[in-house]
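Order of writing sets the chain letters: A, B, C and D. Residues in each chain are counted from 1.
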Amino acid sequence: MLDRTLSPNEVKEMILSICDKIIASEAKLSEADRKLGDGDHGLGMQRGFTAAKAQVEALDPKSIGEVFSATGMALMASMGGASGAVMGMLYQSGGTALNECEALDAPALSRFLDAARDGVCNLGGAKPGDKTMVDALVGAQEAGQASVDKSLSEAFAAIAAGASDGMEKTKAMIATMGRAKTLGEKSIGHPDPGALSVSIMFNTMNEYVNC
Amino acid sequence: MKKLLNDPNQAAAELIDGLVDYYNGSVTKAGPGAIALTEIAADKVALLVGGGTGHEPIYHGLIGPGMADGAACGDIFAAPPPNVILDATRAVNKGQGVLFLYGNYAGDVMNFKIAAQLAAAEGIRVETVLIWDDVASAPPSDKESRRGIAGLIPIVKLAGAAAEKATDLEELVSLVTLARDNTRSVGVALSPGSIPATGMPTFELDEDSIGIGMGIHGEQGVGVDKMMTADALADKLVDLILADDLPIGSGDEVLVLINSLGSTTMMECLIVLKRVKAILTEKDIKIYDVLLGPLVTCQEMAGLSISFTKLDETLKPLWDTPCSSLGYTKL
Amino acid sequence: MKKLLNDPNQAAAELIDGLVDYYNGSVTKAGPGAIALTEIAADKVALLVGGGTGHEPIYHGLIGPGMADGAACGDIFAAPPPNVILDATRAVNKGQGVLFLYGNYAGDVMNFKIAAQLAAAEGIRVETVLIWDDVASAPPSDKESRRGIAGLIPIVKLAGAAAEKATDLEELVSLVTLARDNTRSVGVALSPGSIPATGMPTFELDEDSIGIGMGIHGEQGVGVDKMMTADALADKLVDLILADDLPIGSGDEVLVLINSLGSTTMMECLIVLKRVKAILTEKDIKIYDVLLGPLVTCQEMAGLSISFTKLDETLKPLWDTPCSSLGYTKL
Amino acid sequence: MLDRTLSPNEVKEMILSICDKIIASEAKLSEADRKLGDGDHGLGMQRGFTAAKAQVEALDPKSIGEVFSATGMALMASMGGASGAVMGMLYQSGGTALNECEALDAPALSRFLDAARDGVCNLGGAKPGDKTMVDALVGAQEAGQASVDKSLSEAFAAIAAGASDGMEKTKAMIATMGRAKTLGEKSIGHPDPGALSVSIMFNTMNEYVNC
């Protein structure tokens, strides 16, 4: 149980643990995309987080934002595809909001998530309910807003649960965005691959902080 | 599934190098994934295409005189990242601006959008025309959410000719929009391609089922049907196109493209063409020119698509302009 | 195996009709299986190609200005009968004689031989050049029993240019013989194609085996090997060609053709090309031009072949001549 | 047991029985060609003998040669491939030798086979031992020469046996002609498809005459 803040170096460690987790989830994420898209989501994420790992490992970060932004830039530049843009934008926009921040606390975490949500939604036009990673991101972001008065540890637990919830909800949705759109009703029953990734990312943050 | 690869995760990077070797000097690498004509006229309005690799010869095989000036290539089936698009944009820009022309997929739209912002920040004028020719992917009322499939071949060819003669970016945008608006396609999937890095099939389909209106990655369209004869299938696909909102009828002239998605043979495409020609002749629609072959592919996927581009007095001279590229050359 | 056919036994006849539709007026049917350019210059020395169907775009997709004047088409994988060849010969003959150019297979040789006799009886002068580029099919000492594979693409292109400039049949024969003698190929089979009429695979090969030197119908060559990387395979195939009796070395210039046998993707061909380029560069052999794609196919067979044509000062201007056909066009 | 001659109309009937037999043997012949060649031998033979059937059915033949020549022309014009040329030539050359013949007897049968052999060998250059249909044809032709003094019935029995023998011998041969050539030693163990066809043709003649 962490009731203090995270330093830039701890955030760096946290991101590195996400990198390992996503890289190891390649098959699961690709399989999810085979159900709804073109089967390459895990490959793109693996590519992106391999690049991010190299980039972030080399950092000697002065601010929280610096770590997140470097992650976003690495994803954006190496992945391509829909997820390269949205995952890159998530970390980049979120990171920009914490450029001056030297200690991550619950309010800063919520600012990160607000900016990440805005960045992603502005870029791709997806709304909650469209069966995209936005559903998981918004789940986390709303949990973050509800946790600004909580400890960082509680806030991380809440955003992980929010992301998982958002991802779970995508199973029942009909896709209205991206490749899965033409599937219509046939998209029901499967989680959105990008939402699965977002849920894995926030749950890995929570494990880093709370285990 | 045996494939001739070295490191499956480096397939995209290696194929781009091989592609530059194939261009044999006429095209130069401007960065990883970014390629452009080695020589572009000093005041040319530039045409940039791009998208994921694995669909060769599109898009990156369409660079040349009278065709595109450059291409931004992503990984296998993945839109190119913004920095790759920016590299390619810089390489083709001659001060008259750059038209981004690509298929309407979420990934491409987002990455090109970010790249357009980065280019604008450098003072490069960018306009965009999205290709959305697949009638099976959304109703005519929702055209902006249709995907781009094989129709991009005639559209890029017409755009390439337009870019040779356009005096400014606005003129190019309006000519290319006309070409795009006059093109309709629909496809059928017989069996999946595979993802080079995993060897996994891109979708599943019963031994006696075919996917009408499927996209070039296996995205579904109108639905699954039973295997049928070439003639019955041609009838069905032509009906889907002619029922769309673009009026094509007696006295009209069209380009016909029969596109193989990869392993469907030229023999099968020709048998389908024979029927398409018979249908059009019966309706007094004239075939101005024919394109046929594996031009927009999804690895060794089996299936094909039919595209029509309705030609008017503006588009015909553009079609008649000679052009040269790896994927399409016209004397 | 799903294939888009109507009556499987009519596949050849239907594909030829579709091919004529694809030519869209430039080529006319002169009889069942016999097709020829609609307009041939009055005093031209004529070039006739031909062979079995099912290998599209060869041969019948190679008709056009600067390419062949006509083609005689057989059934699927079967040499054309003499009467079909005779119909095509009459259609292309302009009084200056006709060169028969085709792959060295027993069936083709016998049917073309009978046709040549029939043509001679009608007073048409006929000469023959056989294509035997496959180094894996016999040792250099027994060249006349080698088969013709993908090398026929550069040879037909060079022959087409030669036929435009040749003043008599003798000159054409000597230019085409030079092109043939300067061309070497070798292929690899990954998986079989199928016979349209029966759906049966053309040969069998284990999941991890490849056939080095296999012919375009699955005829074996050097032997069966284990699946390997694209680079290792390119090394092996290039070695087989360079070890043959045609000296290709430092300072020489070659055309390179990477031919897909059907379902092998452009991606894989490009990856192989990258390695071939590296090997040649290392040996200071210059690549004059590159051809790549499914040009000589065996239905949806997987595999590819590499061909080199060594260019000299006679062949280079022939290569540089513009030409146009369905299978190959050069601006 | 037939110890008289065959009329042109009987030869026509005999050819029609060959047509039916070959058409029905498509799968067997294609399978043999799958082992040694490109798997289409049965298809070509089926095509040829379907055309020959139509052609010969319409004949009102005045000579023996007329029936054989019409068969050869139909095969030659409809089949293509190696077998179109050699099977067409077999019947055409053989038929030409019997142009004036109005009754088929053992010496005429032998003249037919001699001319057929010459025609095929001149055309394709194959010799006995090359593992082609020539082996079966020569088996028949030699048996025919040995039977010129026998009854027609005995002569047909002998040429059928000679063709079968010739075909059987191809199993042990290494191909030196045609597509199977590159197989080298791997061609051992399989009969040559064209030899199989020749053996079926002459055995069907024998069945027509002796059953």
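Please note the rule applied: a residue touches a chain if its C-beta (ideal position, glycine included) is under 8 Å from a C-beta of that chain, and two chains touch if they have at least 3 such contacts.
Source: prediction; values computed, not measured.
Engineer: Could you tell me which chains are in contact with subunit B and with subunit C alike?
Structural biologist: Both subunit B and subunit C are touched by no common chain, going by the contact rule given at the top.
Engineer: Using CA atom averages as chain centres, what separation in Å is found between subunit A and subunit B?
Structural biologist: Averaging C-alpha atoms per chain gives centres 32 Å apart.
Engineer: For subunit A and subunit C, let me know how many angstrom lie between their CA-based centres, rounded off.
Structural biologist: Inter-chain centre distance comes to 54 Å.
Engineer: Distance from the CA centroid of subunit A to that of subunit D, rounded to the nearest Å?
Structural biologist: 76
Engineer: By residue number and range, which residues of subunit C touch two or more other chains?
Structural biologist: 76
Engineer: Can you list the residues of subunit A that touch 2 or more other chains?
Structural biologist: Nothing qualifies.
Engineer: Which pairs of chains touch each other?
Structural biologist: A-B, B-C, C-D
Engineer: Using the touch definition up top, name the residues of subunit D that touch subunit C in the complex.
Structural biologist: Touching subunit C: residues 27, 30, 34, 37-40, 43-44, 47, 76-86, 88-89, 123-124, 177-184, 186 of subunit D.
Engineer: Show which residues of subunit B lie in contact with subunit A when the two form their complex.
Structural biologist: 9, 52, 74-84, 105-107, 110-111, 113-114, 136-138, 145, 147, 195, 197-198, 200, 202-203, 213, 215, 217-221
Engineer: Would you pull the subunit B residues touching subunit C in the complex into a rising list?
Structural biologist: On the subunit B side, the touching residues are 2-6, 11, 14-15, 17-19, 21-22, 24, 53-54, 56-57, 61, 65, 76, 190-191, 196, 207-208, 210, 227, 229-231, 233, 262-274, 277, 287, 289-290, 292-294, 297, 299-300, 302, 304, 322-324, 326, 329-331.
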